[in-house]
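Here it is, the structure, as structure tokens.
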Amino acid sequence: MSAQTDEALEKELASFLEQETAKSQVQSSIHTLTDMCWKKCVTGSIGARFARSEEGCLVNCVDRFLDSSLFIIQKVEEARKQAGGQ
Amino acid sequence: GVRNQVALQSAQTLINKITDNCFEKCVTKPGTSLGGSEERCLGQCMERYMEAFTVVSRAYTNRIAKERQSQLLNTGGVALH
Amino acid sequence: MSAQTDEALEKELASFLEQETAKSQVQSSIHTLTDMCWKKCVTGSIGARFARSEEGCLVNCVDRFLDSSLFIIQKVEEARKQAGGQ
Amino acid sequence: GVRNQVALQSAQTLINKITDNCFEKCVTKPGTSLGGSEERCLGQCMERYMEAFTVVSRAYTNRIAKERQSQLLNTGGVALH
Amino acid sequence: GVRNQVALQSAQTLINKITDNCFEKCVTKPGTSLGGSEERCLGQCMERYMEAFTVVSRAYTNRIAKERQSQLLNTGGVALH
Amino acid sequence: MSAQTDEALEKELASFLEQETAKSQVQSSIHTLTDMCWKKCVTGSIGARFARSEEGCLVNCVDRFLDSSLFIIQKVEEARKQAGGQ
């Protein structure tokens, strides 16, 4: 096997591992969000199916959490610029 | 392989989360055995939690895709830990 | 020192480390269970000794948690078989 | 040695858990110093938590031994994280 | 460098903690969009949390310095995990 | 570069890394304390500034937590000595 091929193989492996790491981080975020939104939205007793309001709450919980996250990051950026930071 | 490890790890995490959240919700006063209503609750809670996981996965990936398109996010998705 | 001896030593070390890892995982499970069952069972004010019901609750909490864990794993296995999965 | 590290790590975890759970329970409104009743509560809480740790350890190891015997479990104990 | 990594890691942790605690406090019933009062709450909550972080940092470092001086502590600060 | 210099450099690097690790642990303790004391002290609705009692509670929370930690470590030491342990 030539050095060329070795390098190509190494590059492919690195890209594969990077993708798997990203997938693993997405999975981890989904588990954290599910746990948090479950606690916020599923507050009554458990039934044979979700109440309409519970399922809607779960979807909204994800979107509003990401809204809140973006909102806070934006405020932090603004504060940093005002402070004349890097 | 690595691919299987990610999936297996995620399945294991899901089962642990189900156990923690459903034990918390269904077995409020642990007795000398699991009662019939506790088992029923655990079974339904497991189904609901898996449904919640699917709902959250879909909402999250939809949102990330939307953010990617509108270029509001530059790298690696929204900050979650 | 012969290669033979080195190998035997390495094997013994690996087995020792495996046992210690297992012990460490059991310890970690016990800490997690104690914390969780403490929160579930010790809900009143702290006294000079446990109320009878609190100590019983702690023992039952461990056994019912493990029952619940086995119950859920069994249901997952059943669902996987029904789905015709691996 | 490794053996001591496992024991030391476990003792450290126990002390941290006691501090977290007993501070939570005994010091509900932190004042300018620890009051006498707060100290009494912390001392008793520490004893109770250690007792709880012993009770849980015994119940857990008994159960694992029983499960091992009845061959219901195949590998590495019940899934706990 | 390592120095920047510690600071960056800490800033990231602070933002995550703010998001978790302020979402918990300000968005109790997630609706179809963030309402004006929810955004106001998030903005103020962010400022309060940063203030709390500053107050706690000062109290903690003051205390550690005092304990170091009075030699009550021998190594590595008070046990926190 | 002489071996001497290499060793000095290595030592400096080790000392730098040790300091950074200590700083990182202090940061981590402050994050944990802020989270815990926030939950204990900021129980009302969020306002444009802290109530007097909230800010005082945060400072007291840190000091009383460290008091509690020292109190418990001392009790553990006493129990260990009484038991005639190491």
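Think of it as A, B, C, D, E and F in the order they're written, each chain with its own count starting at 1.
Note that contacts are C-beta pairs under 8 Å (C-beta built on N, C-alpha and C of every residue); 3 or more make two chains touch, one makes a residue touch a chain.
Just so we're clear, the structure is a prediction, and the values are computed from it rather than from any experiment.
For A-E, the matching interface among the pairs C-D, A-B or D-F, defined by over half of the contact pairs being the same residue numbers, is D-F. Ranking every chain by how far its Cα centroid lies from the centroid of chain B, the top place goes to F.
Centre-to-centre spacing of chain E and chain F amounts to 13 Å, using the average Cα coordinate of each chain. The centroid of the Cα atoms in chain B and the matching centroid in chain C are 21 Å apart.
Chain C and chain E, compared by their mean Cα positions, are separated by 32 Å. A separation of 27 Å divides the Cα centre of chain B from that of chain E.
Of all residues in chain F, those touching 2 or more other chains are 37, 41, 61, 63, 69, 73, listed in ascending order. Touching of two or more other chains is recorded for residues 13, 15, 19, 22, 26, 79-81 of chain B.
Against chain E, the residues of chain A that register as touching in their complex are 36-37, 40-41, 57, 60-61, 63-65, 67-69, 71-73, 75-76. Across the complex, chain D is touched by residues 16-17, 20, 22-35, 37-39, 41-42, 45-50, 55, 58-59, 61-63, 66, 69-70, 73 of chain C. Against chain F, the residues of chain D that register as touching in their complex are 15, 18-20, 22-24, 26-34, 38-39, 42-43, 46.
Across the interface of their complex, chain A is touched by residues 2-3, 6, 9-10, 13-14, 17, 21-22, 25-26, 41, 44-45, 48-49, 51-53, 55-57, 59-61, 63-64, 67, 72, 76-81 of chain B.
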